[in-house]
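Note that the chains take the letters A, B, C, D, E and F in the order they are written out, and that residue 1 is the start of every chain.
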Amino acid sequence: MTSGLIEYDEAPPEVRAVFDDIMTTRKIDRVNNFWKALAVHPPTLKRTWESLKEVMAPGAIDPLVKEMIYLAVSTTNGCGYCIASHTVAARKAGMTDEMLGELMAVTGMANETNRLATGLQVPIDQAFRRPE
Amino acid sequence: MTSGLIEYDEAPPEVRAVFDDIMTTRKIDRVNNFWKALAVHPPTLKRTWESLKEVMAPGAIDPLVKEMIYLAVSTTNGCGYCIASHTVAARKAGMTDEMLGELMAVTGMANETNRLATGLQVPIDQAFRRPE
Amino acid sequence: MTSGLIEYDEAPPEVRAVFDDIMTTRKIDRVNNFWKALAVHPPTLKRTWESLKEVMAPGAIDPLVKEMIYLAVSTTNGCGYCIASHTVAARKAGMTDEMLGELMAVTGMANETNRLATGLQVPIDQAFRRPE
Amino acid sequence: MTSGLIEYDEAPPEVRAVFDDIMTTRKIDRVNNFWKALAVHPPTLKRTWESLKEVMAPGAIDPLVKEMIYLAVSTTNGCGYCIASHTVAARKAGMTDEMLGELMAVTGMANETNRLATGLQVPIDQAFRRPE
Amino acid sequence: MTSGLIEYDEAPPEVRAVFDDIMTTRKIDRVNNFWKALAVHPPTLKRTWESLKEVMAPGAIDPLVKEMIYLAVSTTNGCGYCIASHTVAARKAGMTDEMLGELMAVTGMANETNRLATGLQVPIDQAFRRPE
Amino acid sequence: MTSGLIEYDEAPPEVRAVFDDIMTTRKIDRVNNFWKALAVHPPTLKRTWESLKEVMAPGAIDPLVKEMIYLAVSTTNGCGYCIASHTVAARKAGMTDEMLGELMAVTGMANETNRLATGLQVPIDQAFRRPE
């Protein structure tokens, strides 16, 4: 069976440090199960959190758009946990029902046309090729 | 072998009508190979174009963001044709190198954490569940 | 780099025996590259060929339909080699342009609705559940 | 959290119109959860239903075969909802236990050989290439 | 709905023979649900078991490593059943918490960099190409 | 079109620092295209390299096994670049033809049985479930 979930009270110091940073950064008072599961392997917990914090920070793309991209990818991969958690995160960042509807529509169409282009072996137009 | 590409000059009227609408809508003077390949089956050409036109139109999500979502999904699915064509489309809609870098970073992280959550069989937190 | 392709003339007896059976069964006079690549590992060559021969034989589902299912799956997985080879195989078994068009349409729609159902976390209807 | 399910009684007119058409076309007296979930975004509901109705109608490929292709794709993508609903639909269209067994066997083999061809980087045979 | 699970007591002789071989080979006294589900189609049950027995036997790669590879693939594909059963199998073969943590870390990173390489359309270095 | 490849001579200092560390760590005198492509977005280059260096270092799982897991995942995802580069890396770490053959056999079987378990909706055995 898989490893369990590590709760804060039973966590070693290096895990607590990451949990504390997650709670502070996100202004929440408990971490969700994803982090408790990763805590079984502290180096993966620490590296994953620090990478995610950097990647999802405001930048050239704003946080709401980043959350919607995350949801589109999670939907394409069929990760139930990720869909559930990032739908909530996107909602908090401002996603409306209308936006969720459009996001799913775009995600669905991309999956459809990806297969049409692949299955019909469409050659890449000269205009779309990267320069040699 | 797969069907070939249907050029405008040899296309039947119902195909030309779709090609004309694509060129008018996108303000371009030739359609790309994807549409020429779909033209082998006119009902699929027409339905796919009309769906795509509706889905990618400005709405609650703006066209640049829609193109970036398309690129994130195409990247996740590994569709070479779609990545090439939608990278160009996103560039035209305003995507900078910086934005492409962040888009890939988010797409990559989502693919990574999707597998961590799935492989560790993380149970969905009560707070993320849809109401019964 | 990956292993190369094993040609008939340089193949050991257990590989030649499989190559011979492929050519006899399919009534062709040379095997395609897939088998030459698998020949680097004779047990995998033999097992894969015998499994494929059994699975693709006429049964409750006819060979043309089996080839179309193979093409739909290969398209969904984005396997370029498999799409190319099974499109040819399906053509030989009787697939017309019209059928290829419909096959791609169904494959595309399934990929689209798969993501809509997953992304919206649609609960399975009682009527669709397997009996406990 | 994700949007909920829209029941007929609370649905706006444009949603009811689609629900009515689904029930009439399929000769059933209630729609399944997939459509109730899509109803949160009426344009996606309408477009998806009309596309699906067109694609799954009898044509060059018969409806039972289309349902089996749908099930093969849904299985490859791992969409639990879609597998459950299309298994029921394929059964209604005439799929026997024997056919389901063969369908899964073909789907499984295609997934296996897709990876063998990809992982061994098998070059496409000249005979399988599309004409330039 | 899908086919059910075939229990030993109700199984026909060719199914019992496979169940017996599974139990003998694995030194267990009951088969798990995967085999009971496959038993609905005896030829698929027999072929799958014989293939798996051959592939997972000790060889140039040891059984524990084979189980970890199986888990990495199942995680990438998002197969919940397979993740659960192969996590248990890998544990029995000697996988520790530390190894599971590293396995997930490698699997996650591979999924991430696979998308970065694909999305940025990285051309294959001359040094990595297979000889023509 | 996608961003190009950044060569060492034209790279800014923060990119050169990463390139230098890659060359030192791997004892090579030039970086491969993957890193040159990532260099378009220096933070992603730096984070990805540091994560990969940590994850692929010797640990509870040895480097050859990690490379084989990477290859299995890349094969499952169909990333051509990654398959080519990690096949070379695995060879350098000691993978023989025999091991590559077995690796592909296991990867192929996992992909096959993943779909059989998913498509037949096999319920997880009590013995495989994580404790509540």
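A few points about this structure:
Basically, a contact is a pair of C-beta atoms (placed from the backbone, for glycine too) under 8 Å apart; a residue touches a chain by one contact, two chains touch by 3 or more.
These numbers were taken from a predicted model, which means no experiment stands behind them.
Common neighbours of subunit B and subunit F under the contact definition above: A, C, D, E. Set side by side, D-E and C-E show the greater C-beta contact count at D-E.
Taking each chain's centre as the average of its CA atoms, subunit A and subunit D sit 26 Å apart. Spacing of subunit A relative to subunit C, judged by their CA centroids, is 33 angstrom. Look at where the CA atoms of subunit E average out and do the same for subunit F: the two points lie 20 Å apart. With touch defined as above, residues shared between interfaces to two or more other chains in subunit C number as follows: 1-3, 40, 43-44, 47-48, 51, 55, 72, 74, 76-80, 83-84, 87-88, 98, 101-105, 107-109, 111-116, 118, 120-121, 123, 128-130. Interface of subunit C with subunit A (complex): residues 71-72, 74-76, 78, 80, 83-84, 87, 103-104, 107-109, 111-116, 118-121. Contact residues of subunit E toward subunit D in the complex are 1-3, 40-41, 43-44, 47-48, 77-79, 130.
Note for the complex: subunit D touches subunit C at residues 2-3, 5, 32-34, 37-38, 40, 44, 48, 51-52, 55-56, 59-61, 65-66, 68-70, 72-74, 76-77, 79-82, 84-85, 87-88, 96, 98-99, 101-103, 105-107, 109-118, 120-125, 127-130. Here subunit B touches subunit D in the complex through residues 1-2, 4, 43, 47, 51, 54-55, 128-131, going by the rule given at the top. Per the touch definition, subunit D reaches subunit E in the complex via residues 78, 83-84, 87-88, 91, 97-98, 100-102, 104-105, 108, 121, 123.
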